[in-house]
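Each of the next two complexes has chain A plus one more chain, namely chain B in the first and chain C in the second.
Moving on, here comes the complex of A and B:
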């Protein structure tokens, strides 16, 4: 059993991810190839914080969450998780049976509130299912479901209804109630508001923040919406082609990015401010995200990077500590990159 | 063909919608999707239409293209007029889906691009074939000429190696490349109007920025007008000259892009602008929200459609009477009893 002593990681850390990798075998025209979805990813998530994972499609951010929650088996690396009794478990080493009691402590909220709820189950069964799996009685479940519905701003009388009777925003709340059912410590929210309309997304973001305060939750918040991630996250990691390129305090990274990809991402966000477009537009990043089956040599970002040199094509930069954050760029100290103006 | 009861369109006017109404007959009764929508597009301008899902923005442009579903019912009083060359007003609202005129206009004078290029393009034909067929149909030209035109267009939308791309199938391209191919298809007959229905919604931010820049440079070069539909205020601020905000099938506010962003008059526009988290904004504890959710279209509230969610609503007035359209300087107007009397909550 891979239970480690409480001292295995600092007291404020809830999850530690070390050298996480996930490679998928894919069929190509000429046989098998290896897709490196996640490559050597390491970070800590501290208790009570919101940790944002940012990146474009194919960057590996969802795969990281799924690996952390052990929905996939790891190719390499370790995931350490602090259990509610204070001990630390290396969940990468556990089999499915040993994993089951630990699953109570980590839950997930999905992007699409239509496909993530079984249309033939009532809210009571949807929200109560995780509890019945973990051996709660009917009466316990009924009481808890009513309580959870109230928590997410839905009427307890709705317990007997089916998901189709609810709007997208309400369905997302049902998904949140289900994630809360077992009083988890960590909730991974994968694009949890991306499918919602602006006014409804704002309501649900506020709800998530209220619940965080109320229940001492820690969030892993995955999104491609940089405005949203800036609003909700304490710290962020920016991913590109399966690797972390920059990691640090949200405010500092947004004010002064140190990796050229972070700069490009921030510059690409269209801002709800018509004056900004007339005051001259940011440089638009050229080209497209390369294939993870056949990634570029050296720094994966070098073919699109406006600052790239020969060294970048030859040598993979290490993720290293620069000015209180981690950056994967040979020239992090020399470049003066542009952040977001306040 | 012009309608004698309507005043003639000014020469700069390309498209004019008045009082357009579209409902759908469904098993559960009639749903009003578009109510009394009036807007216009001048030659060479970009009109941005913003609204949440179900606001009727897509249904309205489908009415322009005469591509409404079979169960759609259009109101008799409405008119859609289109003046492609400045010398003849065409009353599109009187045309049938398959009329000779509409088949000439669709793909010929009006091009359209959609949100999801994978479903909008045919998966079993190469991109080149799809462009060539449209060119051959509208230009009555041969294969060689059409193919040359397809290659030229693929170059124009900045696809690398257009000679090679012309023989690719959509599944062999990335999302951004497919969207470029769809733009090439929409532009193949030099339309005077391009309708873009959420063309960047499915794309990553860096690809979105590329497509927006491409559309802007093509518009500079070709001079067509664009109706740009989106739910993203950032995108509207980036591309539109004028903006129309829709809610529950009505245009609740319209004005220049600056007026909409810096001096919004309708409480819905104001609330929407405040509910988006902005980059670089001082971290606030809570986002402003609009309470409740968009009412379902079977039960549109009486009076002002927004009164159930509005912070300024007066139940006696807003709950019973549809507000008048109040006009302001610079062609701005808002559908609100109290427009102009509220604190302007722009930035």
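Moving on, here comes the complex of A and C:
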């Protein structure tokens, strides 16, 4: 069966993703084609950490989160999840019905604070829905909703209001309250603050960090905002065209990237302090993300890479351990790439 | 933050607590024409419900000596002074040249119009018997014909009131049936997609290619003549509903395809909600307003359909009284030249259909409370 013994993965690991792939069939002018949204992605998320997943639009980072939470069926790979009773479940093998009781352990915060809240439900029904699905009584729900609203800094009296009464930042906090409703172990925040302006985003980030301490949460934090990810994540994985190209401790990656794509991303982070100017040249990413339907041969990044050689066009580099982190580049050791000062 | 919702309960609180239904109602109220139409339709349906009480006579009661009576005028001025409403007694005469029957008012004999008079006995919805009518005149031979009479001397106003009951309701069964089918297949098709969607779509295309008028004629001929014509009519509308659901199913499918991708549907799924709960609590409520508007617009189509088919002799037949059947009586030159008042059911049809369309427009405009 899909329930594995507790020893299936190291004790500190909450989620293990192995060889995760998701391919979509898409219609093109000349017939069917395969879109490799996510290809052979593997990583561990440790209990209590914030794992950042970064990449440009279309890199497959949202798909990874949705696969992890089993919103989609996997094309290949496994997702192992440590349940609150200590056992490990292979949730990739479960059908929707078997998945239902496990859903309370993992929840999601959405990017769009408008479309993620049903406009026809009051806050009480919105935040209480996960509980009522899992069989809580009305009184339990009412009490918990009031508690959760207080947790995210909204007045408990607002429970009878509809989402249209709230601003974007407040709506996002309603979404956070909903994600917390079942006291999950893991929360996937998919671009959770990208739609908000900077000051409101910062408030919500701080709220998320407070909640993490308070409820012992583990976050999968998906974003394209590297400044944000540096602030909040313990470890990050950089994705390009459905594959992880670099994975490691946040500080190390920021200080010294090993993959040219990471370097280019870091080069694009605005540096507000003029005294902390980058030393030397700055890599500017040229071109656009290639189509995932028809990815470049070899290393998918080679058409945009300033260091590319013939080997890069011919041979797909493996994700390998280099100096305590994982890099998918043939020349990870040779290149001396530019980081940013923290 | 500049969040006005953070401030203590103020005037805005009512708006913040407003459900979608309230928002729709608030917007609908601003649409004058639609509100007037709504009032008119409520009135029309009330008249249809209380037809026995409101109509002064039974729809089938024949008066041989009062055929083709012109509409009578209710007056209040008599003999140099105001009176309670009354009509003059009619005297039946014959035109000496054409030998045509004419009805002349006898200015010496006013007959007061009374409210809550005792008149012909009737059974109210087959529940209890009564002879109380909203209005009428108390006279042994004379009758009150607000809209005149037809070739058999039947009171057209009474027949119009009774006809409203059939016309305004007979097709509703078909409309509701079509909506249930449309919602069911449309939501399945849009929610699951894939081969199920493809096969339902092909089935719908096949059904839409069936010509309806020949089908209707065939059915009208095939069903046994001794069956109750009203039952036959409802049966035919049900069969037509088997064809008519495709239009709604298409729209529902389209909305479901887009709603399926909404984040709040994903959120419900991740919360562990069952498919039934997702469809009924998250997806269908998002389109109730559309469904109500579409249904409002489907009813006049049904009324026009009834009228047209009865007019052609394919729908309802006498002795059933419906507006279409009444118009069938007006189907000859003689009626139009000698008794143009027989066309008043046509006016009633136009008024009701227009009112439904205005109401549907108003509902559609108000329907999406989060649109603008």
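One rule holds for everything that comes next: the second predicted complex is superposed on the first by the 332 of 342 C-alpha atoms of A that agree within 3 Å, B and C clash if a C-alpha of one lies under 4 Å from a C-alpha of the other, contacts with A are read in each partner's own complex, and residues count from 1 in each chain.
We take it that contacts are C-beta pairs under 8 Å (C-beta built on N, C-alpha and C of every residue); 3 or more make two chains touch, one makes a residue touch a chain.
Keep in mind the model is a prediction, meaning the values are calculated, not measured.
Colleague: Once chain A of both complexes is superposed, is A:251 in touch with chain B (first), chain C (second), both, or neither?
Modeller: first
Colleague: Which partner does A:119 contact after superposing on A: first (chain B), second (chain C), both, neither?
Modeller: second
Colleague: Looking at the overlay, what does A:224 touch: chain B (first), chain C (second), both, or neither?
Modeller: Touch partner of A:224: chain B, not chain C.
Colleague: A:13 in the overlay: touching chain B, chain C, both, or neither? Say first, second, both or neither.
Modeller: A:13 contacts neither chain B nor chain C.
Colleague: One more residue to check, A:167. First (chain B), second (chain C), both or neither?
Modeller: The answer is both, since A:167 touches chain B and chain C.
Colleague: Check whether A:288 is in contact with chain B, with chain C, with both or with neither, and answer first, second, both or neither.
Modeller: So A:288 only meets chain B here.
Colleague: Between chain B and chain C, whom does A:104 touch in the aligned arrangement: first, second, both, or neither?
Modeller: The second partner, chain C, only.
Colleague: With both complexes superposed on chain A, which partner does A:57 reach: first (chain B), second (chain C), both or neither?
Modeller: First partner only.
Colleague: After lining up the shared chain so the two structures overlap, which partner does A:71 touch, if you call chain B first and chain C second: first, second, both or neither?
Modeller: second
Colleague: Of all the chain A residues, which ones make contact with chain B and with chain C?
Modeller: The overlap between the chain B and chain C interfaces on chain A comprises residues 167, 169-170, 200, 203.
Colleague: Considering the complex alone, what residue numbers of chain A touch chain C?
Modeller: Listed in rising order, the residues are 66, 69, 71, 99-101, 103-104, 106-108, 110-112, 115-120, 122, 129-130, 133-134, 155, 157-158, 160-162, 164-167, 169-170, 175, 178, 181-182, 200, 203.
Colleague: Which residues of chain C touch chain A in the complex?
Modeller: It comes out as residues 1-3, 5-6, 9, 12, 15-20, 262-264, 266-274, 277, 282, 285-286, 369-370.
Colleague: Could you list, by residue number, the parts of chain A that touch chain B in their complex?
Modeller: Residues 56-57, 167-170, 197-203, 205-206, 209, 224, 226-228, 230-231, 251, 254, 264-277, 281-282, 284-286, 288-289, 339-342.
Colleague: Under the touch definition given earlier, write down the residues of chain B that touch chain A in their complex.
Modeller: My answer: residues 52-53, 174, 176-177, 204-210, 212-213, 231-238, 257-258, 261-262, 271-273, 275-291, 293-294, 296, 347.
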